[in-house]
Amino acid sequence: MKRSYDAIIVGGGVNGAAIAFNLTKRGMKVLLLEKNRLASKSSGAAAGMLGAQAELENNGPLFQLARRSRAMFVHLAEELKEISGIDIELVNKGMYKIAFSEDQEHEYKRIIQIHRQAGEIAEWLDGDVLRKDEPTLSEEIRGGMYIPNDGHVSPYRLTAAFAYSALKLGAEIKEFTEVFSINDKANQIQGVITNEGGFFAENVIIAGGAWSGKIVSELGVGFDILPVKGECFSVKSHRTLLEKTIFSHGCYLVPKSQGRIIVGATMKENTFDETVSLDGISILLERAKKIIPSIVDAEWEKAWAGIRPQTGDGLPFLGEHSGYKGLFIAAGHFRNGILLSPVTGELVAELVIGNVVPELQAFGLNRLPK
Amino acid sequence: MKRSYDAIIVGGGVNGAAIAFNLTKRGMKVLLLEKNRLASKSSGAAAGMLGAQAELENNGPLFQLARRSRAMFVHLAEELKEISGIDIELVNKGMYKIAFSEDQEHEYKRIIQIHRQAGEIAEWLDGDVLRKDEPTLSEEIRGGMYIPNDGHVSPYRLTAAFAYSALKLGAEIKEFTEVFSINDKANQIQGVITNEGGFFAENVIIAGGAWSGKIVSELGVGFDILPVKGECFSVKSHRTLLEKTIFSHGCYLVPKSQGRIIVGATMKENTFDETVSLDGISILLERAKKIIPSIVDAEWEKAWAGIRPQTGDGLPFLGEHSGYKGLFIAAGHFRNGILLSPVTGELVAELVIGNVVPELQAFGLNRLPK
Amino acid sequence: MKRSYDAIIVGGGVNGAAIAFNLTKRGMKVLLLEKNRLASKSSGAAAGMLGAQAELENNGPLFQLARRSRAMFVHLAEELKEISGIDIELVNKGMYKIAFSEDQEHEYKRIIQIHRQAGEIAEWLDGDVLRKDEPTLSEEIRGGMYIPNDGHVSPYRLTAAFAYSALKLGAEIKEFTEVFSINDKANQIQGVITNEGGFFAENVIIAGGAWSGKIVSELGVGFDILPVKGECFSVKSHRTLLEKTIFSHGCYLVPKSQGRIIVGATMKENTFDETVSLDGISILLERAKKIIPSIVDAEWEKAWAGIRPQTGDGLPFLGEHSGYKGLFIAAGHFRNGILLSPVTGELVAELVIGNVVPELQAFGLNRLPK
Amino acid sequence: MKRSYDAIIVGGGVNGAAIAFNLTKRGMKVLLLEKNRLASKSSGAAAGMLGAQAELENNGPLFQLARRSRAMFVHLAEELKEISGIDIELVNKGMYKIAFSEDQEHEYKRIIQIHRQAGEIAEWLDGDVLRKDEPTLSEEIRGGMYIPNDGHVSPYRLTAAFAYSALKLGAEIKEFTEVFSINDKANQIQGVITNEGGFFAENVIIAGGAWSGKIVSELGVGFDILPVKGECFSVKSHRTLLEKTIFSHGCYLVPKSQGRIIVGATMKENTFDETVSLDGISILLERAKKIIPSIVDAEWEKAWAGIRPQTGDGLPFLGEHSGYKGLFIAAGHFRNGILLSPVTGELVAELVIGNVVPELQAFGLNRLPK
């Protein structure tokens, strides 16, 4: 068995797969390691919103990264479909971030100004205008911020498309392979030790989401990634309940194909427990009913949860470690892992092959706790 | 292939399987036909309560049938385990039928009197007494009727135990076999025509639950069985939330093994649609929270639905048709199919082998619409 | 509830959904009825091969219908994606129909001549050429017929795309709705009686696959559709085992996305039993190993079965019944239901709206048994 | 949250659960930690054979441990059912260890002598005698060793019964809780650090099966547990194919309730990959057909795999570590984890509470690699 690579990526979620794809495209021999199955954790659990504007309110490095990533999806969808045959189910019908109160209206109008100044499109629409477009929306909705460029994808399919595209281009993928430790020699990374033995590479990229801290802890690399559980459920209907994605404080509704709507997501801090509580369903159900009263007629499909990786300052860690040459981290994307995966894949790949990437400066590992 | 039998049973739910078991024990060559899989419809969807007293308030033929059937479970559990190796998970810890209002208290006290006069045990307990025994019960609960003899079983396992016991004793079972029509010759039943061809028998027992009417309609036998959907969900917990079954107006909670609680069931009339609506979950969830507020901490497991067969007068049809010798019907058990299956199996088998069964007089087919 | 339609389609498989889509596009108010769930029977079980040339050896009406239908997929895939958002996963990489013996070689070369005369592309390739292109193919393979235009789709997604496109354009869909009988008045169809009550329409199209005969039997319309079970299994691999579809006597291998290969299909006559036997797996496994020895290293995924509707003369029934105005049948597609669905949808829709469709002459209902 | 316990058990498989149950019975405050879900790894994958004599050929400490454990099941089944309501589906119908060749016959007759000398029952039966009892056995079977006391249980239910019995008696269970490291203070164990924070106890018992080595590696405790994958599949039949368990070189067939037969198990060394390969199914299928030719008519159910923990000398590690007071290991049960769980639970619990357990001497941790 070949055991020597140019780069080893630890974590078969959407960002690990995106990096594998981008490094392989750049000619590297890549090994993608996943402890479980591809996309089996939060990348398979996400709703797939590309909420660059819905999720991020203020201009700044993360907003810039997010808008850049969002803009990459149209081309990426074609490229991945061409290589892997997998359609990532990109939908670009826009989003309404809805307000129930006058305070929210003022707040959203302020955000609209910020986004416009940043060069993005956003617009306030009154409730009646929203309901004309989406007749199932509640009469209680005061209005909303219309964001034409926030769409959504299938996160499972996006991860699979990255991974299988990498595979087609020559990468190797190993599932059920857990990394026990990372080797270095005089602070130059040498590879990893796993339950399937050792694999050699001078570049190791940790893309383990909420589980990343554990992987690097042996190297004395501290991490402040907090696991935050998000619970979701989905319903199905043979009536069109919604065309656009609805985003609100504490609840979003994402209309997928085949009449499916994903309702998400709770925020439960500091747990790796992937179960859904009745409480989570109760909360989401009440919120969803407040937005679309007739959603109660839809068919229950299922509930699930994922563990998001939250960082102390809200920014992901994307960079090379100053103490270990060849140790890269790409983790801590919190609620925006799907959205940020195209740009993460591209820019981290650039870093790994040795280029300077100024866009990543704000996300550097110097922010890691000592 | 042998195609000639003493009796053919149409319907592989709990009552069809119970009749198959009892007829086989009585020496008949039996064929059990099921359109889908055994217990794939309401017998697999039920919560398995044996609520002879919780469900039935007034003394009368159905109450008598139900108490007789309930009393059969202890011995039956042993017999079926012995023959088939299947444990039906009988639990005999009793039930609380809880009241939230003074009116309900008066009503339940009246029912207690009726049940005592009928020779059954029942007792009113105040809320504090209930909460001493079941500390998770809400402070709002005024009190309840304690029914020590109402228990529960696993309905899927009960059906399987009846069917596989019949099989061990010599019966044949065919799944995926749909009955298209029933043959007669001068009004003596001759067998059935199915998608797998014809099968001959002079006794055909229709035990098709809510689907029974369709099967016999060609013979000009009318039926007024109304399909009533019941939606349920289940939660799991590593904390003991409940020991006894809780029955209330519009919601019951049945504590199963492994920390599982089944919460049921809605009543949605006149549909065969086996999907669960979000509305169903919302209603049950609110009711369950009202009874056990801390149930919200439990883990969501899953939701499902079944279609109960309701008759016009609330009594099942259990008898031979006066117009067709050898045509028996055992259907329309509504919410009590699991509870009534032991007695249904036994008494219908007695009828089929030619005995007079006075206990079934009130359930005769003379009540069928013309 | 609206209960009056221009056309009612009975059967939510791929052909029923295709007809619903085409009739809705032509302006009709359409109701699509499905006894179970959409695509829950053979349309969900198929491998999705578009084997116009691989499956059909001789020129004739069915070959002409099949090549016409195959040619429709490229445009259809775009149209359905546009309307419903569903990608049908059309893959057009061609097929190898492989030969192990000299006799097969001669036979396939003869077929190649026929296909070329019919204007289709086909070519004989020697084993070494095949193995250069598909290196996992066995050394025992003598050669094969290369058919560049036979591709495959996802049959479940195709059905869903037809159905949800119809829905978007205004059709109604009712699942869990079983048709009990078809009404007529002086031989003009009036609608159907179902377990959800009556629905009115002067056009009823039976697209019930192997279950079609039962639906129309009450009208005295005979049918000779034989149910033929096909068993399949699938494997997954992170190594590319195959790019093109491999078709051989008794076994085909269809490479889907994400490294999945579907291995199919047995032929078991005269049963509606949808279980997979160990025998079926054993047979397919031996055949698959003979074609690609290294397939044994792939990961087992799952096994399933579907029931194909075979007609006496091998041609589907596509036409209006001469005895009942407004009664149409579109059933009996046997192994080619997915392939033929685009043309079935289009031409049957043309018939229903009253146009003359000469292409369907050979498939008329005058072939029905009396 | 209470975070202090008398003992913490790491691993929610059958042996961890058995120890939790036994320690709780002995009055300890116990915490059972499981990285995933209870019984989600090999304890849920096993076939549940209690093959004390079928698996172990020579007298010695493991044989003695196994026969003692096997003898505990009858009482244990009652006790666990009483406390938890869970039936472990103990079947005591005996086993045939079958021979195809004269060499095997001689070998088995030799083993029979050994077992008899050890006080166990075993007997050679010729093929015709076997086939009289189990008519589906192949004509090629020469004969077999009859072992009346080797039975089987449901391994998932056994694990659940241990765990939920422990829970009823006061233990706590935490799923999705991964142990990152074990704390000690001057070589006295102090507790564990997990992804849910720290938990304190002076006794930590590692019962992590094939994953145990990783847990203790940080303490410098070496381990030579080799992961050995076992693949299985199951079939179902409405015909009785088998009453007794059949054990042969390379394949066993375990008849469960509801007509289910489990066919196992391959041996694939040195992998944690829980997928089933087509190769595994092919091998087992051929072996099963050789034993019961008519098994091909049975219905395919499913395939799965588990990872067994194999030790260098074939004996489990059951003892306290000499270097760390309070660190116990109960792992390395290889193919006999289910069988050995009653005795493991009891004797390890005795050790933990401070008693001397001479029966465990041969299984001591002094055999660990340095």
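By written order: A, B, C and D. Residues from 1 in each chain.
By definition in this document, contacts are C-beta pairs under 8 Å (C-beta built on N, C-alpha and C of every residue); 3 or more make two chains touch, one makes a residue touch a chain.
Keep in mind that this is a model prediction, so the values were computed, not measured.
Asker: To reach chain D from chain B by way of touching chains, what is the minimum number of steps?
Answerer: 1
Asker: Starting from the Cα centroid of chain D, hunt down the chain whose centroid lies farthest away.
Answerer: Result for the farthest chain: C.
Asker: If you average the CA atoms of chain A and of chain D, how far apart do the two points sit, in angstrom?
Answerer: 40
Asker: So, what's the distance in Å between the C-alpha centres of chain D and chain C?
Answerer: Chain centres of chain C and chain D, defined by C-alpha means, are spaced 47 Å apart.
Asker: Which residues of chain D are in contact with two or more other chains?
Answerer: 175, 275
Asker: Under the definition above, what is the set of chain A residues touching chain B in their complex?
Answerer: 235, 275-282, 285, 288-289, 295-300, 302-303
Asker: If you look only at chain C, which of its residues touch chain A in the complex?
Answerer: 81, 84-87, 89, 91, 160, 164, 167-168, 172-175, 238, 240, 256-259
Asker: Residues of chain B touching chain C in their complex?
Answerer: On the chain B side, the touching residues are 175-178, 180, 195-196, 214, 217, 227, 270-275.
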